[in-house]
Each structure stands twice: as C-alpha cells, then as structure tokens.
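Shared between the two complexes below is chain A, which pairs with chain B and chain C, respectively.
The block that comes next holds the complex of A and B.
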C-alpha cells in the first residue's frame, strides 16, 4: 500500500525529514511514534499528498504522492487531531455534506453514528458536542467513503478510557476489514495495543522500526522483583529467564517469606528512551 | 455531479447562517426606499442600491465565510477530499451570485428599469468580481478585524470610480475601467464589446489567483481568530 524510499523534506534549508525508507502492507496498522516536532505529522502530510516538494519517493496506493490528482482522495480517509466539522450544522448534516464530496457511495451514516455511540446526538449541532464526541464524529467522517487507507492523527487524544476503548475497537474493526491504517501518536500504550509495526521518529529520522513485541523483547527479558522481611523490608530483582537460578528466591519461597512478587515488562517508552535518550511523553 | 452538490450545500449553509433572512429584510428596506424616491430618481437609486449591496455583497460575505471555515478547520477536510479548487470557488461564488441575482431582480423590477437583462448580467459579473476579490484577500487574513481593514482599499478602488462614473464626473477613458463597465450594466446601459471582454479577462485573472489562494488555505493547517 505504501512504499517510501529515501524520503527527505525540508521547510527551510535544514532537513526536517531525512532519508526515510519503509513500506506498509495492505491491512497493516503502522504507527509513527515520536515526541512533538519529530516529523510525524510532516511525514503524514507527505503521504496524504499535502506536501509535494519532497525528495525521494513516496508511493501510496500506486500513486507517487507529488503527482497525485484529486481522485487520489477517493481512497484515503484522514482523521485530523482537531475537529474539521461545520459547528453550526448537526452531526448528521455534516456527515451528509462530507459524503456528498465523494463519487463513491457513502457508508450508511446511521450505522456509523451508532458504532461511535452518537446515534442519540445525531441531530445535535456539532458546537454542542464535547471534545470526545467531536473526536468520534471526526473519525467516522474519515470512514464515510470507505477508504482503503486511513490516516489517523492522535485518534484517542483527550478521550476518557471508555471512549478511547470505543475508538480503538472501531480502528481494529477497520483493520479486520482489510484497511491499511497509519497511526500517528505519542501514546505508547495505544501504539503497543493497536499497531502491527511502529516506527520511532526523532529529528526527522527513523531510529527503529519493528513490531511492538519485537522491540520490547529486544530490550531483554521481563524482570521479576520480589520483597521480603528481614528486620526491615528488602527487595531484589532477577530476569524472568534466570528465575530458577536465583537461590535466594528459591529459599524465600520454600520458607514462605515472600511479601510481594511482581513481573514487569519494558514498555515502548523504555525502548524509545534506550534508543534515543528521550521520552515519548 | 459534485459541483451542483457543493452549490446546493452552500445555499443551505447560507440559509442556515441567516443570509437569506438578512437579504429578505434588506430587500424590503431597499424596496421601501425605491417606492419613496421620486420617479425620476428611481433608476439611479436602483443602480446605486444594486451595485453597492447585492452586487458587492460577496466582498464582505465571502471573506467572512472563508474566515469562519478557517476557524473550524474545514479547509483541511477539503484539502484531503476529491473536491477541486475550481469546484469550491465556483460553488461559493455561484451561491452568493444567486442571492445577488434575486435581490437585484426584485429591486430592478420595482424601479421598472429598462434593459432588465443587462442589469442582471451586470449584477452577476460584479458579484463574481467582488466575491473573487474577497476570496483572494481572505487568504492571508487571520482575523475579522484584519479583513475589514483589507477591504477598505478594495472599496476605494471599486466604489469611488464607479459612483463618479454613474454621475458622469470621470474622464471618458475611465468608462473602460472594468468596474465602471459593470456599473454601466447595472445602470441598464449596454457596454461596448471591448468593455465586456475586459470584464471577462479580469474575472479569468481573478479566478487564477483565487485558485492559488484556495490551495494555500487548504494546505495551511492553522486556524484563525474570529
């Protein structure tokens, strides 16, 4: 679906994106992770044909992005981080309007509203919507024309846990239908949960690219931390794969003296910090 | 067809934002003025009213519409849709032209002007020019106050020569000034063919600049303060 080769882009004389190469297969959820100003949004703008003065090659759905025509957008759905709706129109009116811009037949609006939990607010003006409602409405707007590629910019930003779950389930449902999804985020939990592969972007470069599981495993095994009392509380840690060699732990288990025992896996943020010396948050 | 759908939605937006109600009220006020003035003044009064409001409404409203859209980030949605800049411009200019046309027709009929068809064609051409000028101006503007300031030079360049021309106090060569050609038509006078050609060339030039302006708005992600 997406092939990027030696992509470079700059707003000034300094390179903003430099020499990026990667590809995304159809039906894959691909995440761009990085701190603010890393170049994630710029990369997404290149891939959706909004920035065409780049060097190298960026082919999306068989079209070189700099040569795209307006028909390119019949198969791309973009969910911006902010609302792009007419505030004075109702949700239903907005969806009807935006679906009228495409030649493709629209997906049933009522069904989409129901999926997003907005069916009872469909006739409410968007100006009366909460931030979470606007985010869900914006997302279903990107689905209206049933695009092959979905570009989502911070889709769960500012959502409460329930709405965040609704949004993530809708994203996974689109993946199950075979849609390719580009997810731009700095939320490592969302990325770990949703993405098949993630690319860490810092300073306009890809520092690492792999599945979240492989990246996490690359840091090393899960650690087990345990505590026990001996005059005062003590704690010790050992890697999960060396547990049987920890004589002290074996003795404490035999004597039933353990106070607590926890296993902890490294997070994507730990990996990111290891690789870049910076935090995602 | 997408263009006709855009055009109809623009009319719906304008109705929703009260444009049609506003112009129903204004038309009633203008009609009252036309009934009140002596018969010999009717044609010139109608020409001033038509040129300064329904024909020029696009100058103020198009900019306001663009600023409103910018504040709601809808240009971003257009940028990643199959809508072409020309479709967007024609739909917007056409929908505002529709209001100008209806109001101008009512006023011209009340004033019982000669050459109604020329008056209406003049209104459509003037409305298109003002709307496109407004669209180009609104591109670089980020607040309503800025927009109002930027429209002042346009008003001076467009309205002053036209009003002087209406009362025949400008040099003869200025009758070829495109805005004055429009003023002639709104007053019911058939312009020379060169005059019409000048207006058409001006509209084509403004369309090219409008396309560039709209593309610039669509590609910028920032909002505005209203």
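The block that comes next holds the complex of A and C.
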C-alpha cells in the first residue's frame, strides 16, 4: 500500500525528515508515535501529496506522491488534526457537499452519522458542535468516499475518554473492513491498542519500527513486585519467568504473609524513553 | 470537471446566506442603471444651472472604464471573501486533498468567476455605456477590467491572511483601478509617475481616443499577475 524509500524533506534549509524508509501493507494500522514537533504530521502531508518537494521516493497506492493526479484522492481519506468543516453549514450539508466532489459513490450519509452518534444533530450548524462532536464528524467525512487508505492525524488527542473510545472503535471497525490506516499520535496507550506496527519518530527520524508487542518484549521480562511486613514493610521484585525460583516469595505465599503483589509490564512509553532518551510529551 | 463545477456551485449557494456578498454580485446592474440613466439627468441639471455646455460629460469615458472594471472587481471581492473564510476554517486545505485538488480549487474560485465577469461586462457595458464606443473598445475594456480583477484578487490574497484583514486590504487594493482617472485630471507629464498601473493606460487610451495607448496595458497586467501569483502560490 505504501512504500517509502530514502525520503527526505524540509521546510527550510536545515534537514528535517531525513532518509526515512518503511513500507505499510494493506489492511494494516500503522502508527507514527513521537513527541510534538517530531515531524509526524509533516510525514503524513508528504504521503497525501500536500508536500511535493521531497527527495527520495514515497509511493502510495502505486502512485509516486509528487506525481499525484486527482484520481489519487479517490482512495485517500484524511482527518486532519484540526476541524475542516464549513462552520455555517449543517453537518449533513457539509457531508453532502464533500461527498459530491468524488466520482465514487458515497457511503450512505445517514448511516455514517449514526455510526458517529450524530444522527440527532445532523441538521445543526457545525459551529454549534462541541469539540468531540466535531472530531467525530471530521472522522466520518474521511470515510465518505470509502477510501482504501485512511490518514488520521492525532485522531484521539484532546478528546474525553468517552469520545476517545467511540473514535477508537470507529477506527477498529474500518480496519475490520480491510482499510489501511495511518495514524499519528503522541499517546502510547492508543498506539499500543490500535496499531499493528508503530514507528517511533523523533527529530525527523525513525528510531524504531515494530509491533507494539515486540517492542515491549524487547525491553525484557515483566517483573513482579511484592511487599510484606517484618517489623517494618519490605519489598522485593523478581522477573516473572523466574518466579518459581524465588524461595522467599514461595515462603511468604505459604505463610500467607504477602501484603501486596503486582506485575508491571514495560509500556511503550518506557521503550520510547529507552530508545530515544525522551518522553512522548 | 465535476468537482470544479460542484465546488463553484457550492460557492454560489453559500453566497445566498451572506447578504453583503449577495449584494456585491448584484452591484454591477444597480450601478449600471445609476450610471446610464441618473448621471445624464444630473448633467442636464448641472449644465442648466451653471449655464455651461458640459460638466460631467467630458468624464463619461472614465465612468465607462470604471463600469468595465466593476464586475470583475465585485466578483473577485466575493470570491476572495469566500476563500479567506475557507482559509480561516481550513476547508480549503481539505479541498486540496479531494479530487478537486489545489488547481481545481483555483479554477473554481477565480477562473470561473473571471470568465463570468468578462461575459457580464461584454453584455452590460454596451447597455449601460455613456460614450459611443465601438465594439473593439468594449472587448478591450472588458478584457482589461477582467485581468485587473485578477490583480486585485491576488493583491488582497497576498496582503491578508484572514477575512478581517481581507476586508481592510480590499479598500487599498481597489485603488489601483483609479489609475484610469489620472490622464483625465493630470495634464502634466507628472501623470507618467503612475504609468506602471495598467489602468493608467486604459484611461489614457480612452482619453486620447486611441487604442494605441492600450498597448502597454496587457503586458503590464501580465507582469503584475505573474509577480503576485508567484507570491501567492508560495503562501498556500
């Protein structure tokens, strides 16, 4: 679906996105994870043909991005990090107008509105929408022409947990339909939950690229930490896969003296810190 | 093609919600009536009053020039306001990544309105003109007015970054129309100070009643358009 080879791009004279190579196959959710200013949105703009002065090669749907024609956009749906709606028009009028620009037949607008939970607000002006409603509306706008590739820029950022959940479910539903999805985020939970693979991006470079699971595994085993009382509180920890060798833990269990026990998996955030020496925020 | 057509109609339906822009589209007809029927009445009244042969009539040619520039400027103003709003709301950015594309967007917002302005001017100018122009003048005035409309549009777009600034800059940008008045009022060679304005030469040609003076107009217009377009394309 996407092949990127030795891609470099900069807005200025200084190098920014430099020498990136990766590919994304059909049906995959691929995440760009990185702190703000890392170049995630910029990379997406190259892939949707908005920035054409790049070096190297970026092929989306078999088309080199800088040579895109209007047909290129029949199969790309984009959800920017900001709302892109006519504020004075209603949701329905907006969707109707945008869908009319495509040669492809539109997905039923009523159905999409219902999916986003906006069926009762379809005739309200977009300017009267809340932030969460706007986010959902902008997302279904990207689905109107049933594109093969969805590019979502920070689809969950700034949303409350409920809206964020709805958004993630809609994304997963599109994946189930076989769509390829590119998303950027600086939220590692979302990346871990949604993405088949993630690329860590810092300062215009890819530092790591793998499935969230493998990245987490690469950090090493999960550890178990437990506490008990012996005059005062003590605590110890042990790797999960060596638990049976921990005589002290066995004794504490046998004597029923454990005060607490919990396991801690490394998170993508830890991995990100390890690999890049930076946090995600 | 479909996307260009529909996004142009999208703009037209949008205008119906905005009284100011809607009125701007009708202005050429209202102003045409005013110029054609009210000004001659004034002229009669004034010449009677002052007992002189002419008051306004030496400037009828200038009034016709301004009328030829009116539709392109008005339609351009309307398109600019719509685009600046689309820029504020980021809808323009979205349209660029639909099958409309940036190129189609520019055609829908500026190409089609310019063609309309040209047609409207070629039709209305013979109806409302005050001077006995031959058809060649009509066509050249309409073409010059249309290209100048594009200059005004580009000036506003390059000088402003939102709708509010756009309104302010519009007044400034339309001043370039009034280069046409200079040959009528400044007899001295000082008038040539404003010769880089394309409208100056349109005014000169009508004042001297010789199309020969129109020659510099079109190259000048293209230079203005080229320079401004370069700026503008860098910006979007």
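Quick notes
Rule of thumb we're sticking to: the second predicted complex is superposed on the first by the 281 of 281 C-alpha atoms of A that agree within 3 Å, B and C clash if a C-alpha of one lies under 4 Å from a C-alpha of the other, contacts with A are read in each partner's own complex, and residues count from 1 in each chain.
Here is the rule we go by: a residue touches a chain if its C-beta (ideal position, glycine included) is under 8 Å from a C-beta of that chain, and two chains touch if they have at least 3 such contacts.
These numbers were taken from a predicted model, which means no experiment stands behind them.
Once both complexes are superposed on chain A, the partners chain B and chain C clash.
Of the two partner chains, neither chain B nor chain C is touched by A:238. By the document's definition of touching, neither partner reaches A:59: not chain B, not chain C.
Contact with both chain B and chain C is seen for A:97 once the two complexes are overlaid on the shared chain.
For the contact definition in use here, the residues of chain A common to its chain B contact set and its chain C contact set are 48-50, 70-71, 73-74, 76, 78, 80, 82-89, 97-98, 100-103, 141.
Those residues of chain A whose C-beta lies close enough to touch chain B in the complex are 48-51, 70-71, 73-74, 76, 78, 80, 82-89, 97-98, 100-103, 141. In the complex of the two chains, the chain C residues touching chain A come out as 2-3, 6-7, 10, 14, 17, 89-91, 93-101, 104.
Residue ranges on chain B touching chain A, taken from their complex, read 2, 5-6, 9, 13, 16-17, 72-74, 76-84, 219, 221. Within the complex formed with chain C, the chain A residues making contact are 48-50, 69-71, 73-74, 76, 78, 80, 82-89, 97-98, 100-103, 141.
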